[in-house]
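Across the two complexes that follow, chain A remains constant while its partner is chain B and subsequently chain C.
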Partner chain A sequence: MAVPAKTSSSTAWLLIAPGVLWMTLFLVIPIAMIVYVSFWTQTTFKIEPTLTLASWQQFFGSDTYLTSLWTTVRIWLIVLAATLVIGYPTALYVGLFVKSKTLSTILLVVCVIPFWTSFLIRVLAWRPMLGKEGAINIVLQYFGIVDHPIEALLFTELSVIIGMTQIYCVFMVGPIAFMLGRIDPNIIEASRDLGAGFWRIFRKIIFPLSLPGVVVGAIFVSVMVLGEFATASALSGRKVNLLGNIIVTQVGSLKWALASVVGVILTIIMGIVVSLFLRVVDLRREL
Partner chain B sequence: MESRILKPILAVYVALFILFLYGPFVVLTILSFQQGPEGGPQFPIVEWSTYWYRHIFGLTEASRVAPLPIGTSMVRSLTLAFMTMVTSTVLGVMSAQAFRNKFKGSDFVFYLIVLGMITPGLLTGLGVALVSRNIFNVDRHWWSTAFVSHVVYTFPFAFLVMLAILNRFDASVEEASWSLGVSPIRTFRKVTFPLVFPGVLSSMLFAFTLSYDEFSRTLLSSNEQTLPLAIYGTFAVEIHPNLFAFGVLTTLFSFSLLAVYAILMALSVRRAKKVAIQEEIA
Partner chain C sequence: MTAAAHIFRLDSVSKRYGETVALDNINLSVDRNEYVSLLGPSGFGKTVLLRTIAGFEAPDEGRIEVNGVDVSSLPAHKRGIGFVFQNFALFPHLTVADNIGFGLANRDVPAGKDEIATRVNDIIKLVGLEGLAARGVGQISGGQKQRVALARTLITEPKLILLDEPLGALDANLRGRMRNELRAIRERLGVTFLHVTGSETEALAMGDRIIVLDHGHIAQFDIPDTVYSAPATPNVAKFLNRYNVFDGSVSGTSFKTEYGDLAFTQKTKSDRPAYAVRYDRVAVDADESAGKGPSVPASFVASEYLGSSIMYFFEAMGGKVIEVEHHLSNGAPKTFDTEKSYRLRWKPEDAIVFG
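Moving on, here comes the complex of A and B:
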């Protein structure tokens, strides 16, 4: 087929143009706008395009906002670690230990199904679970593990972490199980024949080969947790204020400039996090 | 052998993991059958009843618990999800089709599109709100600003699904059809479309469910309430088991969508097999 390269390229551009236009207009320009507005002048009810650093100074001069920056980073790190620690063994079983393809597909589907239900309902479902008269406390008291209900379970930072871990765990399990499923069983067989124990095989072969999955999972979880606010406000009783919560409350009181500052800070943090993860593994080569 | 011990331990672990994933929802379902209107959103179950389900549909006598404000917001959410589904599937098919030939700048375009699904909803919503307020000076509505920010999110999913499908697609089938003198439109209908149908269906399912459930993008980009916003609004005040009952119903709705998808998918696979058998006979 001797189609001139120029023709096919221009057809391609015709096909891609609407998509590119959409993303430029409704994603790139809006994000650039957030950066721009973060330097606007804020008066009581409106913002004006006179450039100033006032909102940035307000953010970095306030303990409330700096605390929320730290809270966001802390919760992100804890949830990231928790999803990895809790999700990895599951991925290991699904991706490597289950020999039957059907069973491993079924298990993955079982893990993904909760993702198919409403996000807010999944958050809400933790309330009757963690409350003072909630299911966990009832079970613990029934078995005599605790005498009095643990009140620290709900409306604390802990409840936010538990909720987020459950909601985002799936995004860690999926990519890791996928990478583990691609490991050639012969390699493991060979090292076992050569006398390597499981722990050694895990450290030297299984974990390194699953690393691209861990990185993809970590990027998913990080981006979602850093941009979170709903779980924090629904499960912490408004005690935990993430950067996302600050954006929502500031917009609520028409402080668009400060909300934009927080938006820019969030974007910067995410950019740093994602590029650090990508430095660990060259995804394009590995996938 | 260590894996003899390890495997059962991991199996038990996975069972616990699944309990962790499903536990809260099971508890929520049980509590949705709480007695009403006095029964609260916690154990013990005073008496089993379907009161809170009837409460949602307004079939109970007025009580101190206000009905969930979901009527209009649900119509909005369904319409919005439908609009988003159509738009992002069309955009996804077109863009993925463009990617069948390598073109200049295709790497850049790929990342531009994928950026839409990894940008946090709050930032998309904030950005779109700022642009509409301060550049175009227009009001934010669920069918305008919220709609475009939903598509920013769902279009990448449709694009990636279609890309995966088209990568496996053998272009020589189409060429054979053209060279046999079949018109391009007929070729598309009879050859191309059946082959890409599973991808289109998956894109539609993704786009619809993601948009229907989308919360953080809508929060800042719409003045009116969609269903997730209406639900979120009730979190702030005291919650009642009617929210739980609603959670069960909306989950059933999502599952029925999934079931429709599975049936259509199975039908298309069967049809593909039938064609393959006919070819073999011929």
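Moving on, here comes the complex of A and C:
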């Protein structure tokens, strides 16, 4: 039976209605609210809906906040690079070199095992690892590699980077391994038969075909790292202040307007980052 | 260096996967400038044989010689062999031109940009892909993909090209056209094609010679006419899909089967006794008496109109299907009643007996 056009279009509206409703209630309205609140007038004890640029001026007029903006961008770039450098070879092994589908599934599950414990425990577990009398220093001293414990390991920017890389690496491995697993082995054999060596096959065939996975992984890692605050406060001894930490502090002292300013800035940065990544590949075509 | 007459030679090549023998002591020598088709049902070692020659799989035993050189321990791309994959295995992110030029641009010593462009252009003309060079390979048809796969291999100038069911992914109409095209391209270039197929008509139509593979060993290697009219083993007769094959045993000048004793005149040496008669040599007789000459009682089941001929399907004792082909040039099609019994007869000299 032919379905009249009118019915099918109203069916379409009905189908997307729950999604639209959900996104409006929990995404569009809250974001609009944050933007609105960022222009409110904040005094020591109260906040009023009188529009002012005071909070924005406070943010851009303060070295502390601008430094924290720069720290956030720097740590994001370093962690992104580290997860890619560590994650890509791992994904290459899991998705391409392991021929058995069962084994590659098992390996992916192994990557996810740390997620069976809570996020905070995973972060805090790095303290006894990296500390002055922590596992790494004990091992290094035992083998005589260093005379004195390395103190730079914990409560520095390095410890934040190590912690975030470990926590977010799997979000890079997953999508890349998925894309690599979809490459037809005949394609790689064909390129070998045509005389290409391993490095060329990787550069001309494997890497371009895995690029959508890299982009999806990079988006996951970027969005999560840019919004981070827990790892930074737990592993830096409050020396590293990301934009996320500022939001937490400001909300804690009920400074809603400034917290909203930082929130808007973070949202804009994430929007730019995600849209830049999406320009690299046409995900709709690739997936 | 004097060029050997053969382009490649296999010397006692064997390959096992655990208990399964994929290739069983294969000796084979194929001439230069020849179209060889390799026929065998799926799972009988065709693809393994092809991949072993190409160098994607290593044989457990034996020697492989290409162009007079032992290549047994050489990797695939050093063997000078082209390979066309069943699903074409084109590089999905590259254009038609980049796919074709891949081998030139990415070998150990890459060719210059101008040389690549010229040669890609030449080969595009040769296989008839003009105007599609800049297209992505996702935007072209099945037949065009087939041409890209072939062109991509041809550009590296191999003397031997292995084609793994190259027409399998195409629809019937296109398959017919690509058959002619493949033969024409090969003749123009003077290279050897080894074409794997599971279709007996394709094997007969395309090959200058046909290799019939049966459970990992070569059952017959001959020109199509000989393979067709004088199959070497009962299984070859079966693979050709043109013979009714009866099991039984030879006794004197007749062959004992559960359908009666069948007379014959000549016999082929074989491990397994069998009696074969071609579909188009069988006549249908409404007279059910045994009469003179070999015959089998059977009841009519169905018919299938093929245009130039008509196939009749009969059922003998025990559900054995016997096929009869009636060429329409030999008179109008006959009609038979289903469930009615007939006598299928043929001349003893038309029978091929193995034993």
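In this section, the second predicted complex is superposed on the first by the 265 of 287 C-alpha atoms of A that agree within 3 Å, B and C clash if a C-alpha of one lies under 4 Å from a C-alpha of the other, contacts with A are read in each partner's own complex, and residues count from 1 in each chain.
Methods note: a residue touches a chain if its C-beta (ideal position, glycine included) is under 8 Å from a C-beta of that chain, and two chains touch if they have at least 3 such contacts.
Please read all numbers here as calculations on a predicted model, not as lab measurements.
Undergrad: Label the relationship between chain B and chain C on chain A in the superposed model as either fit or clash.
TA: With chain A aligned, chain B clears chain C, so fit.
Undergrad: According to the stated criteria, A:205 is in contact with first (chain B), second (chain C), both, or neither; which is it?
TA: second
Undergrad: If you count the residues of chain A that each partner touches, which comes out higher, chain B or chain C?
TA: For chain A, the partner with the higher number of touched residues is B.
Undergrad: Determine, under the contact definition given at the top, whether A:122 touches first (chain B), second (chain C), both, or neither.
TA: A:122: touches chain B, not chain C.
Undergrad: Contacts for A:19 in the overlay, against chain B (first) and chain C (second): which applies, first, second, both or neither?
TA: So A:19 only meets chain B here.
Undergrad: Check the residue A:187 against both partner chains and state whether it touches chain B (first), chain C (second), both, or neither.
TA: Once the two structures are laid over each other on A, A:187 reaches chain C alone.
Undergrad: Would you sort A:53 into first (chain B), second (chain C), both or neither based on which partner it touches?
TA: neither
Undergrad: Output check: A:196 vs chain B and chain C. Expected answer is one of first, second, both, neither. What do you get?
TA: second
Undergrad: Between chain B and chain C, report the minimum C-alpha distance in the superposition, expressed in whole angstrom.
TA: The answer is 8 Å, the least C-alpha separation in the overlay.
Undergrad: Can you list the residues of chain A that touch chain B in one structure and chain C in the other?
TA: The answer is residues 197 of chain A.
Undergrad: For chain C, which residues are in contact with chain A within the complex?
TA: 54-56, 75-77, 81-83, 85-87, 89-93, 102-103, 106-108, 152-153, 156
Undergrad: Using the touch definition from the top, list the residues of chain A that touch chain B in their complex.
TA: Residues 1, 8-9, 11-16, 18-20, 22-31, 33-34, 37, 47, 49, 86, 89-90, 92-94, 97, 107, 110-111, 114, 116-122, 124-129, 131, 133-135, 138, 166, 169-170, 197-198, 219, 223-224, 226-227, 229-230, 233-234, 244, 247-248, 251, 256, 259-260, 263, 266-267, 270, 274.
Undergrad: Mind listing the chain A positions that touch chain C in their complex?
TA: 184, 186-187, 189-197, 200-201, 204-205, 208-209
Undergrad: Given the complex with chain A, which residues does chain B contribute to the contact?
TA: 2-3, 6-7, 10-11, 13-14, 17-18, 20-25, 27-28, 31, 41-43, 91-92, 94-95, 97-99, 101, 103-104, 106, 109, 112-113, 115-116, 118-124, 126-131, 133-135, 148-149, 151-152, 155, 159, 175, 209, 213, 215-216, 219-220, 228, 231-232, 235, 239, 243-244, 246-247, 250-251, 254-255, 258
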